[in-house]
Amino acid sequence: MENRLRQDDQLRPVTIIPNFVKHPEGSVLIQVGDTKVICNASIEDRVPPFLRGQGKGWITAEYAMLPRATLERNIRESSRGKVSGRTMEIQRLIGRALRSVVDLDKMGEKTVWVDCDVIQADGGTRTASITGAFVAVALAFHHLLEKEKIKEMPITDFLAATSVGIMSNNQAVLDLDYKEDSEANVDMNIVMTGSGEFVEIQGTGEESTFNHQQLLHMLDLAKTGIEQLFAIQKDVLGEQIVNQIGKKKVDELNGENHRSDEE
Amino acid sequence: MENRLRQDDQLRPVTIIPNFVKHPEGSVLIQVGDTKVICNASIEDRVPPFLRGQGKGWITAEYAMLPRATLERNIRESSRGKVSGRTMEIQRLIGRALRSVVDLDKMGEKTVWVDCDVIQADGGTRTASITGAFVAVALAFHHLLEKEKIKEMPITDFLAATSVGIMSNNQAVLDLDYKEDSEANVDMNIVMTGSGEFVEIQGTGEESTFNHQQLLHMLDLAKTGIEQLFAIQKDVLGEQIVNQIGKKKVDELNGENHRSDEE
Amino acid sequence: MENRLRQDDQLRPVTIIPNFVKHPEGSVLIQVGDTKVICNASIEDRVPPFLRGQGKGWITAEYAMLPRATLERNIRESSRGKVSGRTMEIQRLIGRALRSVVDLDKMGEKTVWVDCDVIQADGGTRTASITGAFVAVALAFHHLLEKEKIKEMPITDFLAATSVGIMSNNQAVLDLDYKEDSEANVDMNIVMTGSGEFVEIQGTGEESTFNHQQLLHMLDLAKTGIEQLFAIQKDVLGEQIVNQIGKKKVDELNGENHRSDEE
Amino acid sequence: MENRLRQDDQLRPVTIIPNFVKHPEGSVLIQVGDTKVICNASIEDRVPPFLRGQGKGWITAEYAMLPRATLERNIRESSRGKVSGRTMEIQRLIGRALRSVVDLDKMGEKTVWVDCDVIQADGGTRTASITGAFVAVALAFHHLLEKEKIKEMPITDFLAATSVGIMSNNQAVLDLDYKEDSEANVDMNIVMTGSGEFVEIQGTGEESTFNHQQLLHMLDLAKTGIEQLFAIQKDVLGEQIVNQIGKKKVDELNGENHRSDEE
Amino acid sequence: MENRLRQDDQLRPVTIIPNFVKHPEGSVLIQVGDTKVICNASIEDRVPPFLRGQGKGWITAEYAMLPRATLERNIRESSRGKVSGRTMEIQRLIGRALRSVVDLDKMGEKTVWVDCDVIQADGGTRTASITGAFVAVALAFHHLLEKEKIKEMPITDFLAATSVGIMSNNQAVLDLDYKEDSEANVDMNIVMTGSGEFVEIQGTGEESTFNHQQLLHMLDLAKTGIEQLFAIQKDVLGEQIVNQIGKKKVDELNGENHRSDEE
Amino acid sequence: MENRLRQDDQLRPVTIIPNFVKHPEGSVLIQVGDTKVICNASIEDRVPPFLRGQGKGWITAEYAMLPRATLERNIRESSRGKVSGRTMEIQRLIGRALRSVVDLDKMGEKTVWVDCDVIQADGGTRTASITGAFVAVALAFHHLLEKEKIKEMPITDFLAATSVGIMSNNQAVLDLDYKEDSEANVDMNIVMTGSGEFVEIQGTGEESTFNHQQLLHMLDLAKTGIEQLFAIQKDVLGEQIVNQIGKKKVDELNGENHRSDEE
């Protein structure tokens, strides 16, 4: 822990560069500390077989690392001929998280393919992917709105993710880099919405455990970090898109409140 | 929800049949409601390359379903030529959870292969796998102790898992069967140790979210269920093995307290 | 051979437990000595491409072993990414044998998927699979009859299988267990119908050979064993299903006699 | 059956061209009617892991068809990325059959790789492969003898194979071509040794069965055909190699008689 | 270089045996020195998805070697489960070259599958494949013409290929055998049309380079060799087919001249 | 061709950003027009099996595209489970080209893994990869020199590549972008060394051909372009590294001249 230069509840520097690659409908490069991920959102005008004919859309994600994104070079998954368990777990997580803030019924029969390609890894690649992918997807939907291929913004809320951990000295810290992550006893990834709800909590004690109080403290730290990420996302997306998402959300929440009155 | 015949905080009936298959060092059939999983623990006298020469052991898990464990027949993963993302995610979870309550240094250079094969599925197959696998692993280590291939029980604590969910009527329920699981807005799997610590919390809102209060309520329900699972595990393992695990734990905790005084 | 406790012409104890798994249309657990196989028959409402539009059905089989069904743990075929030659040979044999006693024209455009999953292996897994799979298929067709999805029982005769071998002392023995099988000079699998005809004879001298007289003796032993298996199958299926199959057969044989008069 | 121009007990014309390809230690082109198979035997100076350090050799076979060996072009198995069940079944049969007439202990730690590549198929490709492969293996061992890499001929007897079938008119015929094979009710492949023993009997009634008497008749026909194949093999191999194999056999049989006196 | 018995600008002996395999629409065995390749052309009555509905045809090639075509036995690509980079590069080259002399619009919606299977390799297998495949394709189109399935010969010109190289003594030589190829500093494959145009030039200095003058000299040698190959192809195809191709070409060239006048 | 804004003999704008990713020993981002490739060179302290114990090094390359580098999203090769023929062809080309300007004997038993990952594609990705990879490899070797892990720069000359093509109006143009490439009749990739020698010439007429004069003109254009690329490479590498490479070359050329005097 002697190397951590920032506070325990402080994120690493975060930058999101929009329109990083020219062909995708939405594209960003997100940098969280020394972790750099290209997040591209591509629109396809059809849905997977299990959704055909229902008028609904789908969002799916793929995640990969360049072979030398890491300290040691990794064998390409295309050379191995198969995708690792870790990769599958991460891409399922990204897809699931994004779908929780998109109203699939308002997309029409379209698929958003989200590609998160890590070009440099220093811990937190999956949470950086989610935070960046949200922006790429928002840009892609905005593009569809401008082309009048959809009628309203299907995104219902903001979405970002970060990690927290408990170090060997029992201290909880926010946004672990690779070194911290390898030394942590407990590692937790948290995905939250702009309205402060949880989408996903994945807390893992590899050869270790954690108690209730530690859990609560980690959730607190995560919330602090994620709120900062929302501010950065909004800054990158600009007022027009933020309003599209915001408007959506307020209307919906009203509707939901109304419904919950009836229950 | 009209079909749920038991209380919201009640587990389905649980049975664990030890020594179900004759060849493995440890073997059980666990039944949780209509979910039935064969859990076999096999001992191999070597470790994966990354551990060789360190005198440590390893525990790894594989998970599969018979093609007709489910309502509709599934294509075998051996026929597809690849293992699905879901399968990989589950087997990584099982291995990680078991390793958190085993002192790998006390195993010697051995690998425990845990095979969880679902022969009938009705929700909660991954948590039933963990709960059953713990017993199979304990039986396998007991077998090694009796053969004097290890000197002391390397298991440091009990381990069990269950699921909780939030249904569409916002009610939180314990131990979801397949039907409940498909209707739930939020699904959470929780793995805990005998001393009440968390090993793993995986909470997921597929196309939905959950708030802080709901999280706390789900954790409460899970704890209630898992305590019942410990009682069943102890009953199956018998006093001798329970004491071996218990003794281990008390000594270690003393040791740990001692160490933490120094920090 | 000193370990064989039963007579040379005696089967190991055989048990068939019907309805072992709840989802499949037909399901049994067959135990032959210490060999245990779950046989599930699933009905699918379509046929493979080469049969489409002909109004005929199809029966196909898959065979697998749990990794620790055997003395030493085997790597899963799903992890290897391919199915072994032995597995393919066995599943082709099971499918072919079952099709020889089913009138595919009377099934309609349906496929019966037969899954034989060995949970404990002690020799004779392929012949136990055929004997058990026949019962599972009969249960599945009976289920279709009761649901009025087919008009008559498409099974034309009983079907069972066993193995015989010639040991190193030149003695021929019935129903080899794993130890006997590894020591045998010649190994023969025989599949027969209720009317005493051969469906399949596979005799193999691995690094050894056999003469005409030995062949005849082995066929004799096999017949004795298979007749006992028919009795057990009939007992499990019960009078109603046995009569459906029996009726079918008598009618057909009459028809066949008639036709053979004309030739 | 109207098209069969030869007698029911007559083979199609058979030619074996030795040294067909220049690199392999043993190589033939065998033609049986319009079926043409290149059989190459390659010597490798090591054995598979399970035999290492035992001073024994091994023989293994691979079988394939050119894509357009058949009426319709087949997709290459290398393009599919996997080998079919039929291919695996055939190559296991060829290897097993060859090993039954070779004294593996006299080979030293060598592997014979037998490649049977069908360049034109018209029925009976697996039996032609065995008959041709035997000659290729004999040529390869003769080559090793001449190079003084082995001390004596490890082949203990001749080996050949043919097919017999029962046609829809109940007639049994020898050496089925493709058209006959597709129309046959029963198809049987028989592998025999020079001394008249069976190595392998594989009789199959696809959607049909056969009785005891038909079995005996088919075995008779096969014997007639296989004896003609031995004559052709001897003619191709020449007196020197035939004597090497013959000498071997007589000595061994004497030895075996001696041993069987003691039993 | 001491072993080269022919002149530097001399081809090895070339033979092309037409109708080598009976099922394909076009089939030859081409021998160039000790290199022997079976080239089969199969007609399929449909085109790949990207061409459907355009009334155009397609030509695609596959290339493989028997495992023991070479000095050392190679593992089959079907056993590896994947096709090597070298194989893919060669089959892409063969397909591309053939398409350059076929008017795909005149084929109708048909695919020509060209299979080049090397049964014995001694250098130059890819160029022998192209030279032989051209003849097989011409035979297949002639077959279609005779069956009146196409109206005119779609082949627009002759096509053949050879290799040239620069040896370590800086000498350029034509048509390298395996030994020469392994010793050469530079290796070049050239594909030309009957009218003397280049279709493909692939010159490679593996751990070496070549200058402009050497390039020109190699192109000269190649031209000399390819002209001899055209003469052999014409001899095999016979006057009728040669005229069909020739006629085509003259008409087209006139047309082209006309067009180029306008530019 | 109406869209081409630059002269026929003019390259697109080229930028090379060194040290783009932090972990690899050598790393650049090369941009050629809208084509952007990350080229990473990684050092591994061992060589492939075929080189072990010879004291020599090896250079190998892998090439891939992000799924949305192109106009339409491509399926990942890791998801397909295999690498396409095009990819294999390109990575073999890159590796071969780099090895032609590196003295493998001076590397020691090390492997340089070159990863070329296209993040945005607009034609010429393989030639941009070679040009960028050369710089990455030079940076990696410089890093080894500074760490004193090698004694002298093993690079013997500069290396760069470009494409030329013949458009449908018979005009030859330099450095084709994607649109030009798809419209070109002939496409040629040329790799050259700093001393003006060819390393690789790959000229292809897809459904078209080219004559001798056109070939000479294309080679001329390529030379013009490649000389500009050398200037950019030198600018990025800086005087110190350029001198290391230059010194090497002059010495060697002297040596070579000397040797060629003797021939």
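Letters A, B, C, D, E and F name the chains as they come in the text, with residue numbers starting at 1 for each one.
Here is the rule we use: a residue touches a chain if its C-beta (ideal position, glycine included) is under 8 Å from a C-beta of that chain, and two chains touch if they have at least 3 such contacts.
No experiment lies behind these values; they were computed from the predicted model shown.
J.: Hey, what chains does chain A share as contacts with chain C?
T.: Neighbours common to chain A and chain C are B.
J.: Taking contact as defined at the start, I'd like the list of chains shared as neighbours by chain D and chain F.
T.: Under the touch definition, chain D and chain F have E as mutual neighbours.
J.: If you average the CA coordinates per chain, which chain's centre is most distant from that of chain F?
T.: C
J.: Taking each chain's centre as the mean of its Cα atoms, which chain lies farthest from chain E?
T.: In terms of C-alpha centroids, the chain at the greatest distance from chain E is B.
J.: Approximately how many whole Å separate the CA-defined centres of chain C and chain E?
T.: The computed centroid separation for chain C versus chain E comes out at 52 Å.
J.: Distance from the CA centroid of chain B to that of chain E, rounded to the nearest Å?
T.: 61
J.: List the centre-to-centre spacing of chain E and chain F in whole Å, with centres computed as mean CA coordinates.
T.: Their C-alpha centroids are separated by 28 Å.
J.: When you check chain A against every other chain, which residues touch at least two of them?
T.: Residues 81-83.
J.: Can you tell me, using the touch rule above, whether these chains form a line, ring, star, complete graph or other shape?
T.: Ring.
J.: Touching residues of chain D toward chain E in the complex: what are they?
T.: Touching chain E: residues 21-24, 27, 34, 36, 38, 40, 42, 44, 62, 64, 66-71, 73, 76-83, 87, 113, 115, 117, 119-120 of chain D.
J.: Please output the residues of chain F touching chain E within their complex, sorted ascending.
T.: 82-86, 88-89, 91-92, 96, 99-100, 104, 169-170, 188, 193, 196-212, 215, 219, 260, 263
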